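Chain naming follows the written order as A, B, C and D, and within any one chain the residues start at number 1.
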Amino acid sequence: MSKPLTILYFAWLRERVGRSQEELDLPPSVRTVADLVTYLADRGPGYATVFQNRRTVRCAVNQEFADPDAPIHPGDEIAFFPPVTGG
Amino acid sequence: MSKPLTILYFAWLRERVGRSQEELDLPPSVRTVADLVTYLADRGPGYATVFQNRRTVRCAVNQEFADPDAPIHPGDEIAFFPPVTGG
Amino acid sequence: MARISVQTEDFDTGAEIAALTAGRTDIGGIGCFIGTVRDQPGPKDAAASPPVVALTLEHYPGMTERAIERIVASAEARWPLLGCTVIHRVGTMRVGENIVLVIAASSHRQAALDATAFLIDWLKTKAPFWKREESVDGQGTWVEAREADDEAAARWHSV
Amino acid sequence: MARISVQTEDFDTGAEIAALTAGRTDIGGIGCFIGTVRDQPGPKDAAASPPVVALTLEHYPGMTERAIERIVASAEARWPLLGCTVIHRVGTMRVGENIVLVIAASSHRQAALDATAFLIDWLKTKAPFWKREESVDGQGTWVEAREADDEAAARWHSV
């Protein structure tokens, strides 16, 4: 058994998706951040709203900013959030 | 009777001249700061040391920085000091 | 050496400066910046929108602290700092309250001033925080990232 | 609006910031700089000269305050400041003690930071103060004006 992904949502992405955190077994189709976005966009209306306009979504893999082509591995902590606004 | 000049000395000029303040009736030969420097340089050894090397002496007339050709009038407050070092 | 904290509680600027400089004789200059919540018109238009009465800041626990540690290390590599403090509040802060404190100490003033400006520019633009403006009518609006802020932080790339 | 003081007593940075910002809701950023007496080698050469243990600052009562008022007015003309404090100590200050405090508040951080840097550059180079370094052996040496400091202040003329 490989470890599941931990997926975190912040700011208005969290509000739209309706949760701040979930666990997900790495789907076979998902090798990169972009693959995961495609996968998540199909999970329901909240997800669709968030992941349709990919220009407003940023991602971190294991707490490091990640590009769409960044690889994803079992057990990774993946976070989605809007562009940061600073403090 | 015209009012005397008040002459102030600061920092090492004060130490060399041996006083921080004196009053002086405006000598007839003195029309500018440069004239006053020439006049004071003749007053004794401490004055001579201070006013010989004019490059290291700065002047203010009535609390405003003044050039050598700035005019001097009876009652003026004239200050001599080294180039400021800031705080 | 640096003190970094992301916290909900307010901070005491005088106490933080005192803690950073206590017993030190090598410090010649201390730069400092305090960011506060200011009164401002509503998100869209002053006439149409109710005024903002508070800010809510969300952060990514863990990632935000690490990102601040990294930028402080970068400041320490650029300037000969003798001490550095970054305290950033999260949660809801009302108008007039403190948001962020940066302190940078060095033997000379220019390094202290430049490091302070560098750190606050980054914190205000690139740090992983998300900002929501709370109106008097109870409506919250997430603030969008601003280009102007990115430019202020970008100046440092060319230094 | 500005608070300006030339004084022998120490100042309390936290209290000064609190006084400047009390009850204000229009301030977004507060820039601050504290200059302190630092430990340093003797006037000429670290090996040959005894270390400096104190600074003595002399000023021109009246002229110094007016010059500070003028530079603060110049900063207020350049940047939209909402508050400004300049406190400069005179007399003898030992290593580790405070010398000078500048605080500048504005609605935006860049104005607060720039005004703080502008004021401290001027105070450290152009203000009518004369500095004497006191060595551990009781010898005092008047400091000569430095070109490097003049350059830092000169940057502002071209802004």
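Rule of thumb we're sticking to: a contact is a pair of C-beta atoms (placed from the backbone, for glycine too) under 8 Å apart; a residue touches a chain by one contact, two chains touch by 3 or more.
Note that the structure is a prediction, hence the values are computed from the model and not measured.
Peer 1: What chain groups remain joined by touching if chain D is not counted?
Peer 2: Groups left after taking chain D out of consideration (others unmoved): A, C | B.
Peer 1: Please work out the Cα centroid separation of chain A and chain B, and write it as a whole number of Å.
Peer 2: Computed from C-alpha means, the inter-chain centre distance equals 76 Å.
Peer 1: Compute the distance, rounded to whole Å, between the mean C-alpha positions of chain A and chain D.
Peer 2: 50
Peer 1: Return the distance between the CA-based centres of chain B and chain D, expressed in whole Å.
Peer 2: 27
Peer 1: Touching at least two other chains at once: which residues of chain B meet that condition?
Peer 2: Chain B, residues with two or more chain partners: not present.
Peer 1: Could you tell me which residues belong to chain D and also touch two or more other chains?
Peer 2: Chain D, residues with two or more chain partners: 35, 124.
Peer 1: Can you identify all of the chain pairs that touch?
Peer 2: Pairs satisfying the touch definition: A-C, B-D, C-D.
Peer 1: Would you pull the chain B residues touching chain D in the complex into a rising list?
Peer 2: Against chain D, chain B makes touches at 8, 10-12, 60, 63-64, 79, 81-87.
Peer 1: Over in the complex, which chain C residues touch chain A? Could you list them?
Peer 2: Counting only chain C, the residues touching chain A are 35, 57-58, 60, 62-63, 66, 88-89, 99-100, 123-132, 142-146, 149.
Peer 1: For chain C, which residues are in contact with chain D within the complex?
Peer 2: 12-15, 17, 21, 23-39, 95-96, 107, 109-110, 112-113, 116-117, 120-121, 124, 152
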